[in-house]
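So that you can tell them apart, the chains are marked A, B, C and D in the order they are listed, and the count of residues begins at 1 in each.
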Amino acid sequence: MEYKDQQLTEEKVFKDPVHRYIHVRDRVIWDLIAAPEFQRLRRVKQLGTTNLTFHGAEHSRFNHSLGVYEIVRRIMMNFQDRVNWDNEDRLLCLCAALLHDLGHGPFSHSFEKVFKLDHEKFTQRIILEETTVNDILNKVSPNFAQKVADVIAKTYPDKLVVSLISSQIDADRMDYLQRDAYFTGVSYGHFDMERILRVMRPMDDQVVIKSTGMHAVEDYIMSRYQMYWQVYFHPVTRSAEVILSKIFQRAKYLYEDDSYTFKLKPTHFISFFSGGVDLQDYLKIDEMIVYYYFQLWQEENDEILADLCERFINRRLFKYVEYNPDPQINAGMELYQLFNDAGINPDYYLVVDSSSDLPYDFYRPGEEEERLPIHLLMPDGGLKELSRHSDIVESISGKKRTDHKLYFPKDRIQEIEDETLKQRIIDILYG
Amino acid sequence: MEYKDQQLTEEKVFKDPVHRYIHVRDRVIWDLIAAPEFQRLRRVKQLGTTNLTFHGAEHSRFNHSLGVYEIVRRIMMNFQDRVNWDNEDRLLCLCAALLHDLGHGPFSHSFEKVFKLDHEKFTQRIILEETTVNDILNKVSPNFAQKVADVIAKTYPDKLVVSLISSQIDADRMDYLQRDAYFTGVSYGHFDMERILRVMRPMDDQVVIKSTGMHAVEDYIMSRYQMYWQVYFHPVTRSAEVILSKIFQRAKYLYEDDSYTFKLKPTHFISFFSGGVDLQDYLKIDEMIVYYYFQLWQEENDEILADLCERFINRRLFKYVEYNPDPQINAGMELYQLFNDAGINPDYYLVVDSSSDLPYDFYRPGEEEERLPIHLLMPDGGLKELSRHSDIVESISGKKRTDHKLYFPKDRIQEIEDETLKQRIIDILYG
Amino acid sequence: MEYKDQQLTEEKVFKDPVHRYIHVRDRVIWDLIAAPEFQRLRRVKQLGTTNLTFHGAEHSRFNHSLGVYEIVRRIMMNFQDRVNWDNEDRLLCLCAALLHDLGHGPFSHSFEKVFKLDHEKFTQRIILEETTVNDILNKVSPNFAQKVADVIAKTYPDKLVVSLISSQIDADRMDYLQRDAYFTGVSYGHFDMERILRVMRPMDDQVVIKSTGMHAVEDYIMSRYQMYWQVYFHPVTRSAEVILSKIFQRAKYLYEDDSYTFKLKPTHFISFFSGGVDLQDYLKIDEMIVYYYFQLWQEENDEILADLCERFINRRLFKYVEYNPDPQINAGMELYQLFNDAGINPDYYLVVDSSSDLPYDFYRPGEEEERLPIHLLMPDGGLKELSRHSDIVESISGKKRTDHKLYFPKDRIQEIEDETLKQRIIDILYG
Amino acid sequence: MEYKDQQLTEEKVFKDPVHRYIHVRDRVIWDLIAAPEFQRLRRVKQLGTTNLTFHGAEHSRFNHSLGVYEIVRRIMMNFQDRVNWDNEDRLLCLCAALLHDLGHGPFSHSFEKVFKLDHEKFTQRIILEETTVNDILNKVSPNFAQKVADVIAKTYPDKLVVSLISSQIDADRMDYLQRDAYFTGVSYGHFDMERILRVMRPMDDQVVIKSTGMHAVEDYIMSRYQMYWQVYFHPVTRSAEVILSKIFQRAKYLYEDDSYTFKLKPTHFISFFSGGVDLQDYLKIDEMIVYYYFQLWQEENDEILADLCERFINRRLFKYVEYNPDPQINAGMELYQLFNDAGINPDYYLVVDSSSDLPYDFYRPGEEEERLPIHLLMPDGGLKELSRHSDIVESISGKKRTDHKLYFPKDRIQEIEDETLKQRIIDILYG
């Protein structure tokens, strides 16, 4: 029997707290899960530094990837009488779901920003270059790896397939909202996925929702909104992210400074510092490795690097105040100067962080992140864009909400000896 | 106000998936949680290698320690009208609960076995020697650190206090059963803790249970039984543990072998290899560090060490068969020889692992792990040992169940070229 | 000891699926629960005919009343350090919570509409006239019954007390949303009540919410919105309500028609038909009694009454179409005539039902149901009305949504023999 | 298309709190659910008087019947590749599951005992005699109704079909344990049904369980054990049952007493009193009707009937003490006499109630309730009886536990004026 049609002699299951069980029948899927590049996702947390705010949030991207696979598997079962897909099409959806986050590095957000990387490019490379994952996909059919990569890159011609894992109501989002809610323990993030799966209908180039299921979708949109502001953009988590970014930035700076010598050569980071990251370097770095360096760097001679690492490891985070960039720009400039005067390097210790989310959007071609809007399938067979039918969604549709905060080490300010300087800083911050 | 009586201006809460919220009012507790030695528990998983079997089980000992604290806090609230404890007594219970696992190292079980360490001794040392935790406890009262250490060591004179965190139905067990069930996602591990807390009554030297709550306790005992055999002793988890032990054993062996030079000097491990572990060495090692070395050791020259590390990192675990030591001893000896013949070092690749659990025990003085039995408080005011009143508990009481398995790399056996040898091995293993 | 200060020797608990346990310590509360007028609430369903749509929704008003009591009890525990209430004040809140729904009759909505009754008036009467409940309240203090009645009637001077059980975020709503979600099994209706209770703060004349808890309140408002449209206004439930009203209306009509004689004299209904309901009549009727009559009336000589009762008992409900009163008024008038022509009495078999809900409202004095808006307590100590701070709430605030449906027996239409007439009716209905 | 093969144009679902959704595709099932005899089950509580102990337990047999149907539906989906059943076989299983409790009358237990009825006989009659249900089943095939009746009566030749709804681990038990736990709110009753369904395997004449699923089955057996003693045999529930039986007994006695005339003729009960119950009489009585009579009978002239009814309606139940029939027989006889002396009719006011449960049984042919034991399917393909493989099950296997309690109205005893008599009674009861 061809590799792509091989079934396990007995269905395998993974016990999963969110979906109860994750079911695997296809040998291809089983082999992909066992591949080292996929196992590596166990060492990358789904929510980066969120566990410093919500101590339950230790779950890995391995978790989430299995979850997205399982949701797509269930959608496909519901679709089987409604679409004309052969076994390779089916596998394509499942593999794309399973592998969509394969290129995530440690603490993706900060890591990518400082080193100017893009995890989506690495997902492509892991799928297409010389890896165990690529070997497995090649055994399915000659251009199968490319197809999987195209689906993940959203360039695959069949947009229905693409929409399963990237639209405004895709398997990716449905998994992470529920999973992140479960592990953090918050009461948001719950919606009736079983109902949504039942009302999903495949159309030419997208998945649409039967209008009878609109309220479950409203609930999903609201869950997403709440999770963004309550969990993902939690100010304490962002404080840890700020420190993380500053550690990477400082380490890179020191590496580029010929006069500085690391006590321990930062072998794993060198290609990231110098900009020539090859795939093997990338696959070798994970959050365990990063933590190792941070622990060692606590003892580096550079005070800033050592201090930031010690803060991150021991969770001595920055405090924050609300910050409104426009009116407060002068205050910001003065603070920068005052920090300098106080000997607290403002490039590392005075940081504005902005978060913004667009909870749901109707279609505006040409804009960044132009995800298709959600369409309802009306009883008369027509389609209607969600926000035109739902008051709640209409009310938050297209409205980008942005939040700015100014982060700084309050302890350092309290230690300033010049009382006038100290008081002036405090007045600006808490005025 | 004295340090021990200081309250936070506003109660702080941690969102916890198991207990919903963990409440902190005392400054002492708040400071202890922020101490580096306590934060370190974030980098030690509660269940070691179990996440390789149950992918949700990524939760840390930090999680669990907060949970035990919270349960004791709730018990104390229920007890406040029934015991005559002053504020220091109350803090003593809370601190002992919070800190009881402070000395756990990475992958405790295997780590301690190979390096002949005892995490309980390190818990004592962290509390009593020069640490941030010790500084905080000293501020409560001069001998407070010693008291906390004594409660955890079970040598504290007030046995009622001791029994809160170590008896057959203590806060420690109640937390981990529920927490491990939650994160693994298994359906065992649930029992009505709220009811148990309501029927707990403080007696002279122990906590007893009002007999009306007996069924909730039965449920707890059964949960424990199921969790042991379904989760804690899961054969796949034990396979990972076996490999872990063998990695530590091999690394130590190579370190002691003067002819071998590590590519990377195993700095963090040296004191463990040589046996002179001081507290600072111990506090520096955590699971992040261990993973870092395992990843590097995949590229060591020693084939055994490199292979075992690669297996652990990529989850290419050993397979197993049931093994009954007594009748099968000869088969075992023959296998050992056959593995040698096949060039598969049996000291590392043929491992018997035994697990055993005593689900509940009545009191047998002088025996190992002599925990007090659970006593029911009868309507007439008398006490009755649980197994005398409950059929179910009686049926499993004092019965130690042991399970032996033989672990080996099936892939290596399949690669043996000498067909006769290979067949003989397979016959013995699966015959 | 005075009656009002008497505590039960041992706290009593009721196992409750929503709040886990309901705790009773006060003798007054224990006695009120045992009173026949309170036990009667076991025979009145919380959601009337909703169980014909959601089969789990069989829960009684007894359930809900205990739940509201429990929530108020927990709020009071949180408030105890923040308000200066004596024991009688505390009991006043608990009693008002427990008894607030005491006057509900069977299938309140339809029953009250047809017979022009007001359950709130009966709540007052049960508390103030000669009942066991009144006897108990009188033992607390001479004017205690009146105080309880005033709190429920919202005329009590201390508005803080009133707001606990009737505001836009009161114990009543918090209980029924969660309880109705639990018993119907829908996934809406969940919000983090524990968090809301923690951020409630007593102010002079209302309970306000610390602004840090705003998102939990948003979730609550959304839950309410979803429960209204998904559960409370479910079109199938409303179909059963329509039939119910028509049964009451027809029975009253027949009673007033001297030429008609009931096979069984409708003893329990006579005072309702004739308008002179005294308290004893009212207390004797419950849903068991109503069902008894409906079953008997299936065999009445009057075809309409018998048919409507048979439909209700056997759940052969009316079908419905959307109906927009303004543009469709002519269609409505024609339908009325056509039904008459077809021999289907439109007064009973062609019914417009309208539902409308105002999910949240800022304060507009003088309007019906003028509940206080929800106020947030800002970090600076000021108050801010919720919809000014929350985008989501702002978006649905003050917007009344109304839904009109036209109900009719589809089976009867299908049986019309005159094909032209039948087709014309179908065209108008489904056009 | 033949009736039996007709599918609904769109799958219908019922929202169910326990199984989330109940799915219906077959027209036959849809029609059966709409039949008046099935709708009648809405008016019979699943747990009789248990709601007087656990106020959430208001759920109906309609609920449970849908649940059993849903479980069998899921089992059949898992079995479809493993058994050779045609569509009629499939429908047979589903119909038998749905209808298995069709003959339950109001408060079955007491009702049947007093009137010497057997609900199983009425289930047979409703299926086989002139009813809507029978009409529907006849349309499937000529002998289909008989087949359904045979499956429910356990006389159907294919024992595999029978075992789905009556064995020691059948759909009936799996539904009621979970459902009763859900509605009472107790923490027992939970087990991993999804896992059990996955490890069920059809064999020649029974469903067996793959041995890898043994622990889930242990959990199920323990849940059953706990539910029996914590919920089903709760002494307060039994107190209500005792009163219920005595009401029926007294009413029958009065009916047979020619000198007594009921104020209201007990029309619905007459055939039950006189022993000639026909099917139409039986179908007309439900718990609503019974409650109607109890409320009226509170005003009967017979003091015993009026008192017992008032107690039941207002939940003024009997108290109880433990009672051991053998040693206490003399005490019992003395009490009987003393009650007589005190003017408290012991035939109605002094009642021994015994409950006993056999949590699991291996096979003992010829004994009452001889349900097949549970067999495990071992890895070698052999079968092994559960209790031989599971320590826990072995420990409770075949052990019948019986509990006797003596019920009486404590209030009446306290009102006895003869102090010596009163004290003697109290001494015997509480001595």
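Quick note on the criterion: a contact is a pair of C-beta atoms (placed from the backbone, for glycine too) under 8 Å apart; a residue touches a chain by one contact, two chains touch by 3 or more.
For clarity, every value in this text was computed on a predicted model and none was experimentally measured.
**Q** If you tally the C-beta contacts for A-C and for C-D, which one comes out higher?
**A** Taking the two pairs in turn, the one with more contacts turns out to be C-D.
**Q** Can you tell me which chain lies farthest from chain B, using the average of the Cα atoms as each chain's centre?
**A** C
**Q** Let me have the rounded angstrom distance from the C-alpha centre of chain A over to the C-alpha centre of chain D, please.
**A** 52
**Q** What whole-Å value do you get for the distance between chain A and chain C if each is reduced to the mean of its CA atoms?
**A** Here the centre of chain C sits 44 Å away from the centre of chain A.
**Q** Just how far, in Å, is the C-alpha centre of chain D from the one of chain C?
**A** Computed value for the inter-centroid distance: 32 Å.
**Q** What residues in chain C touch two or more of the other chains?
**A** Residues 20, 186.
**Q** Tell me, which parts of chain D touch chain B in their complex?
**A** Touching chain B: residues 186-188, 190-192, 195, 215-216, 218-219, 222, 225-226, 229-230, 391-392, 394-396, 399, 401 of chain D.
**Q** Touching residues of chain A toward chain B in the complex: what are they?
**A** Those in contact with chain B are residues 14-18, 20, 34, 36, 39, 42-43, 51-52, 54-56, 58-60, 62-63, 66, 182-186, 284, 286-289, 291-292, 295, 313-316.
**Q** Can you list the chain A residues touching chain D in their complex?
**A** 13, 20-21, 194, 198
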